[in-house]
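Labels A, B and C are assigned to the chains in the order they are written; within every chain, residues are numbered from 1.
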Amino acid sequence: MSSRLARIDHLAVSQCSFLHALPAKPKLIATLILLAGIVATNNLRQGMMLSCLLLGLLFFSRLPLWLFGIAFYPAFFSLPFALVKLSVSPAAATAVICKAVSAALLLTLLLASTPFPQLFGAGAKLLPNLVTDALFFSYRLFFIILESLERLLLSLRQRGAFARSNFAWSNWVTLHALGYLMVNTLAVSQRLDQNYRLRGYQTSVYLGATSAAWRVADLALVAALLVVVGGVLRFG
Amino acid sequence: MANLVVELKGLSYTYPDQTVVKAEGIPFLVQPNQKVALVGATGTGKTTLLQHILGLLRPASGQVRVLGRDPVKAFNDVRWQIGFVSQNPDEQIIGPTVFDDIAFGLRARRVPLLQIEERVEAVAQELGISNLLAKVPHHLSGGQKQKVALAGAVVACPQLLVLDEPFSGLDACCKRELVRFIGRLNQELGMAVILSTHDLELVPDIADLVYVLHRGQLIMAGSPAEVFTCVDELRTAGLEPPAVVQLGMQLVGLGLIPEVPLSLQAGIELLQKATSDGTVTSLLV
Amino acid sequence: MSHIHLPDGVLPVGWWLLAYIAAFIWLAVALRQAEAERVRRKLPFLAAMSALMLLTMGVPLGPLPVHLNLAVLTGIVVGPWLGFVAVFVVNIMLSFLGHGGLTAVGINTLLTGLEVVLGWWFYHRLLLPWRLNWRAITATGLALLLTSALALSVVGLSTGIFELGWHGPDADHDVAIEPATAGENEIIAAPVEFLGLSGITAFGLILILGLAVEALATWGIIGYLQKVKPELLLEDTGT
């Protein structure tokens, strides 16, 4: 998951497409509308129509196809619930899986097309400052400690920490490594907080400033999406 | 003294694990437009001292003044006047792209967008990272991150630039570039500079004034020439004078050159002069 | 452990809406309880535990074959209020990565948040006279047991996964359990077997294994912290 997150983060800032060019707030609203549509679908036909829409977005935004693979992770967890629906019909069961995959793909598209400060900034007005700050700091910290973890694991392996012949010893080392990682993460987090404060970080100034004003095109997009989703649910 | 950028006296701080760090002895003073190096062996408290200057720590005893103000009480004002580059640039990178990271300080100061773009591009060009502006910072190499962090620290033209172990992890070429860049900042913008290091080789090229910290005491202060020729005191403090200074002292002792050079170039010039005026030849005969 | 990988579209609307409302109410209470000054100082701790939870849920750690969630540890170190905020943050981020849907964030936050609070309460209150090692293991085990049971109940009740038959929203007819009572417009539902007859047994074994791993991991980490940074464990932010 961690390498996936790093790759998605990279896509969000390095790719160019119509999806990337959209400001974060309208994109977030559009995502919520689509998600509501996905959750509200009653049958497989409606689910497939929305899925096709999302696949079209994936294709035209020139994002890599492996993103679609991420969406299949929740498909696995939707299987038990699909089995329940199997008693109604196979189509109903498939609709459950379709919903799960579509919703996951939708959120992945959002994450892969929106740099994280813009994404968190778009939600900044809805959430308390502490929560927005925590989202921002945690996200940034995650990548820092990921590197620390990789170096730590390499160092431990080189020193013979993980031995198949000694299960108890390996587990003991792993737990202490986690403890070390925790202490290190707390220290890094404190330094990160200090450095950001030194650089003038304030939630409302930084994250608020990353969200651009709404344009007519953004309003039109949201309206069009409402019509499309409404149409799918009504006539699908 | 009037208008000191930094004034620090009799500092003492106790960490939560009861480790006491002191910087007593000679007062630590930084004048406007001055370049100051704080040297000491690893673990002597250089970073702790810098954190007091930045207003991140409140001393248990002693006095700290930055631009005439208490940096802890006036943190929100004083921080705008200070640019800081930490030991690990990963811990201060904030933006999703290099451009965003460098521009961060200007956005925080609500500088107009057009000006932001101009200044970011100018600083990036100075540091040779214009080609990285669209890149994701945490995928860059250590040296590149260092440059990004430095660009972010200086883009708003602060009065004081503080660098904590800026040379660690850099190759020789990057170190020389950094020295040149800091020199230009100081000359062209009048920025005072404080840098901490335990690597003394580059200090003569970068600092007007050197403070030596040893066991909680600021034991020496002076120009690089004054400090680095006190070899015994430096070695007691766990430091090794630059190689060229040590060689120069030997050559001065042999009468080959008249003064101790602080840099390789100065040493070469002195030897060339000694060769051309016959000093070396006469000694060999 | 109590974090459920519920995809979007599985939970009935009423359930996840109510869960979101309850989660936001609890979040508001948590933020108020953590006073402003302490909140500012605690942001690094909160972010650190959130990042760690995010990491452990996605990175295999040496020979350990399961995910840890470190919720109880979070409660012990940062307290119940900020721990709840950390859980909310992590669940939002996980939902973007397919680990539980966005609609499940509310319910996951409630369940894992409860794990945080229970873990804190057991460790810092109920089991305080106990020795550190046993305190850690027992607090984690009890918190996980209770919240996992609650999670199973919630999933079972809300999705009908344990019911025979299904009353689907698109069904024009009702579903009868007994063939003998089936009317003209009724279809007969087959009994739902969840992972076969041994489903419950298998599920129980996985639950016990996960519980044991999390409890031992928390114990191991707390043992390390006790030696290296004991002040982290002494901090009690329950008031």
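Operating definition for what follows: a contact is a pair of C-beta atoms (placed from the backbone, for glycine too) under 8 Å apart; a residue touches a chain by one contact, two chains touch by 3 or more.
Just so it is clear, the model here is predicted, and its values are computed rather than measured.
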item	value
Chain centroid nearest the full-protein CA centroid	A
Centroid-based (C-alpha) most distant chain relative to chain B	C
Most extensive contact between chains (C-beta pair count)	A-C
Centre-of-Cα separation between chain C and chain A, whole angstrom	19
Inter-chain centre distance, chain B versus chain C - centres from mean C-alpha coordinates, in Å	49
Length of the line joining the C-alpha centres of chain A and chain B, rounded to whole Å	41
Numbers and ranges of chain B residues touching at least 2 other chains	none
Residue numbers of chain A (touch at least two other chains)	188, 192
Residue list for chain C, restricted to those that touch at least two other chains	229
Interfacial residue positions of chain A with respect to chain C in the complex	1-2, 4-5, 8, 35, 38-43, 70-71, 73-75, 77-78, 80-81, 83-85, 87-88, 92, 96, 99-100, 103-104, 107-108, 110-111, 128, 130-131, 133-135, 137-139, 141-142, 145-146, 149, 153, 156, 161-162, 167, 170-183, 185-186, 188-190, 192-193
Contacting residues of chain B [partner chain A, same complex]	51, 54, 56, 75, 79-80, 82, 84, 86, 88, 90-97, 100, 104-105, 107-110, 134-136, 138-139, 152
Residues of chain C defined as touching chain A within the complex	5-10, 13, 27, 31, 39, 43-48, 50-52, 54-59, 61-64, 68, 73, 85-86, 88-90, 92-93, 95-103, 159-161, 165-166, 168-171, 175, 189-190, 192-195, 216-217, 219-221, 223-225, 228-229, 232
Chain B-touching residues of chain A, taken from the complex the two chains share	9-10, 12-14, 115-117, 140, 143-144, 147, 188, 191-192, 194-202, 205-206, 209
